[in-house]
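The first chain written gets the first letter, and so on, giving A, B and C; residue counts start at 1 in each chain.
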Amino acid sequence: MAKTTPGRFFEDFRLGEVIRHATPRTVTTGDVALYTALYGSRFAVQSSDAFARGIGYPSAPLDDLLVFHVVFGKTVSDISLNAVANLGYAECRFLQVVYPGDTLDTTSEVIGLKENSSRKTGVVYVRSTGRKPDGSKVLEYVRWVMVNKRDESAPAPGDHVPTLQSAVDPATLGSACPTINGNAYDYGLAGSPDQFGDYAPGEKIDHVDGMTVEEAEHQLATRLFQNTARVHFNQFAQAKSKIGRRLIYGGHVISLARSLSFNGLGNAFHVAAINGGRHVAPLFAGDTVFAWSEVIDRAELPGRTDVGALRLRLVATKDRPCADHPLRTGKDYDPAVILDLDYWALLPR
Amino acid sequence: MAKTTPGRFFEDFRLGEVIRHATPRTVTTGDVALYTALYGSRFAVQSSDAFARGIGYPSAPLDDLLVFHVVFGKTVSDISLNAVANLGYAECRFLQVVYPGDTLDTTSEVIGLKENSSRKTGVVYVRSTGRKPDGSKVLEYVRWVMVNKRDESAPAPGDHVPTLQSAVDPATLGSACPTINGNAYDYGLAGSPDQFGDYAPGEKIDHVDGMTVEEAEHQLATRLFQNTARVHFNQFAQAKSKIGRRLIYGGHVISLARSLSFNGLGNAFHVAAINGGRHVAPLFAGDTVFAWSEVIDRAELPGRTDVGALRLRLVATKDRPCADHPLRTGKDYDPAVILDLDYWALLPR
Amino acid sequence: MAKTTPGRFFEDFRLGEVIRHATPRTVTTGDVALYTALYGSRFAVQSSDAFARGIGYPSAPLDDLLVFHVVFGKTVSDISLNAVANLGYAECRFLQVVYPGDTLDTTSEVIGLKENSSRKTGVVYVRSTGRKPDGSKVLEYVRWVMVNKRDESAPAPGDHVPTLQSAVDPATLGSACPTINGNAYDYGLAGSPDQFGDYAPGEKIDHVDGMTVEEAEHQLATRLFQNTARVHFNQFAQAKSKIGRRLIYGGHVISLARSLSFNGLGNAFHVAAINGGRHVAPLFAGDTVFAWSEVIDRAELPGRTDVGALRLRLVATKDRPCADHPLRTGKDYDPAVILDLDYWALLPR
């Protein structure tokens, strides 16, 4: 009779297990149009076939975060349906360009398990991999989530916490970016004169604009990604929760902040890796998202003179402009901060 | 001067008349992306070109209900602009696979007319047919609606109530499903292990999840289908009505319930026919839709060993989870029930 | 450090200067689907590849206003980020058919500057041109906006107010419409029997229906067009303004009114030129838009017997049906009027 799934609980995961996720998904120019409508992204490479062709792509590639959300969405019903909290990301690398017409599916390997002392929950670490049908990898990342136990008294598997890199080695970046023809990169058309060499570690950039979020918008986005997490869609159930409201998918915040970051980082056209990220506080419909960035580091890519990598901290706030780069109040995050993301972006040199 | 149409009234219809509807519509991957964003559908065949090709389609077909809504939408301005109520559906068959790039148009034949005893309204029965430009049929269904009279004293045509089948004969199903290669059907990737043979009549399945609906969502959907029914869009007029609010297109509820039904019926990939359906109560923005299904019957398709048909009752509720399969309270519907749909779905064997 | 742009102020513009705008944009069937979902447009030529091919297009062209919005959106961050008011349009001509897959970019020439007597603001006139990557023109229009000065005491350039035509010469219309095969134009399928010759100057048409607008809808639209005007998206900032709410992009109103005008002008399939337009009052979410049209003039196109041009006034109101064609109360606009647009549309003869 159990044809529906209540989702896995902590004691259902096994170390080393590989989970294949439904549903495979062909991404199209329809998804691209929706991504633009949802986030207002303006990076020229992803927006214009002509611009992309000019610098060496066969056509405009998909926005990297659209690829991330589609690959991520598939994991939810197997990994995080009974999750209490999405704790972190690490070692996320974009490994191949994705174009409209490509099909993506996802598998996850359980790489860590640790029961909490309360015995009510445990932390599950998975390495999820998005692939094309030929098996080639498109995206890989580690995520860890706190998952409820079905039964407190159930024996837990022995603890195993994986060792994770604090940042992706820049020498491994660039697989999802073809060698570009820098002479053909039109900075005027791209909307910013600033190249890789114009940014220096320590530099902070306020992205100025704010974007207010509506329930219909985040629901459309999250369904587009076939992400089934109940907290995003079911107001009837959420009304009975402590929070009382629908929670907005954390990836929605990342994409909003990344789109806002165009104003200041207009040539940071490719997200090559995500070193880590924390959803510091929830976002709700009606809130306005602002963002600022800090340049943390700069790296050349081995053997490549066309692009360089900036390590960026991208901070998003709600209902709080970012002219003064809010981050911490004492040891805690500033109460307006909702996202603290650490990633590598590529820019033309 | 009468260049605009106020819509037809009951006395404007003639038995046997065939009405050609505007506007022809080419369906695209853009529509597919929007359908996913609006409903979160996750059936692998419609989601992945690679999956569809693997089992014998040239590419992913359109979701059957997207085809239904596009064909249906065209009929509204000619048939139901002055309708008081959408009373029922019958004999709905999907007759041909539809792919992105296909163009659809619709005609309707008036097959029944019956004035109500009040003489203020009458019931109009139409058989609507969706076609590709070569004239081949894509979809056929009977719908009956209660339509206002312009003038109570107008003579009505003689009553004629058509005889309708209570269910589509399963021997006629399958035209819109190519012979599939069952060996290539990947149940892991599809998200459910359950095949045709795993379901038995009498079985009831709670689809668990709920989906809250926003005004922007149903308006986007209904405009996408070029459905012009005023009650869905015009709050200024609705505010003056007894209901006071915009009514949500009944098809929106059907698609939400069908998408929710993936959790429990993940391999029921093709809606082959709709035997009947009733919009028991209206849905409004802010309500949360839940759904459950009952297996009513099972049938093999003549000469086909690749797929079998399940006759399913799909019940949707608002603000009421379906763990106990709510349907009736005494002779009446449970007050939470909003949809009672009877359809045939195909599953791999 | 100034990697972000606060937008140009009045004293930053130079007469004769040509500004290249970011971001180039490939338009796709995804954009077409979203345009349909946002506005419910039903013109057969733009909706059906088969219909378009029948009359001589290679496939369905993009809706003219979608082209307008994409070309316009790019100008905002350079021209009107610090605008106080969008004052008018003139000399807008559609010069080339646009199909899914085409890429558009925009440049603007500053053709007029006039400081206001307050010295706090000035009027900037630009002629904006949308082009395909081969440099061929797609669309040209003049717009003038009132822009804040950064510094009241800053010297202003000498005043220059360009001479603008009060209407586009009909002899110059038609570049963006191929010669159509009138015999193949199926009026039944298009949804209206009325041709060019059936409309007479002075004729007024109420478009009957109303459409209520939601915040999510206009935000999705405006981001789709990569229009970055802050007033549309940032409720946090708007809450502190006199208006207190997000303003809806004026182009959203134009597209809603144009879509409503299908009921009465179903064969006016191509917007060939916009002679002028005024956003009389702002529209806010929750308001319901109605529209009516007046035929101002009629013109044949030199050497063409396939199509003729109607000069139309398109008036939109909020929360006010248009059966009595509201326009003025004394010398002022009727308080319900929000748009007064003057354009040329082509219809088959």
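To be clear about the criterion, a contact is a pair of C-beta atoms (placed from the backbone, for glycine too) under 8 Å apart; a residue touches a chain by one contact, two chains touch by 3 or more.
Note that the structure is predicted; figures quoted are calculated from it, not measured.
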{"item": "Size of the rotation, in steps of 5 degrees, that lays the CA trace of chain A over chain C", "value": "120"}
{"item": "Homomeric contact chain A-chain B: same or different residue positions, threshold half", "value": "different"}
{"item": "Chain A-chain B separation of Cα centroids, rounded to whole Å", "value": "36"}
{"item": "Residue list for chain C, restricted to those that touch at least two other chains", "value": "28-31, 33-34, 214-216, 220"}
{"item": "Interfacial residue positions of chain A with respect to chain B in the complex", "value": "1, 3-6, 20-26, 28-31, 33-34, 77, 100-101, 103, 105, 133, 214-217, 219-224, 226, 228, 230, 233-237, 246"}
{"item": "Touch list for chain A against partner chain C, complex", "value": "28-34, 36-40, 42-44, 47-51, 60, 188-192, 194, 198-199, 203, 205-212, 214-217, 220, 263-266, 286, 288, 290, 319, 321"}
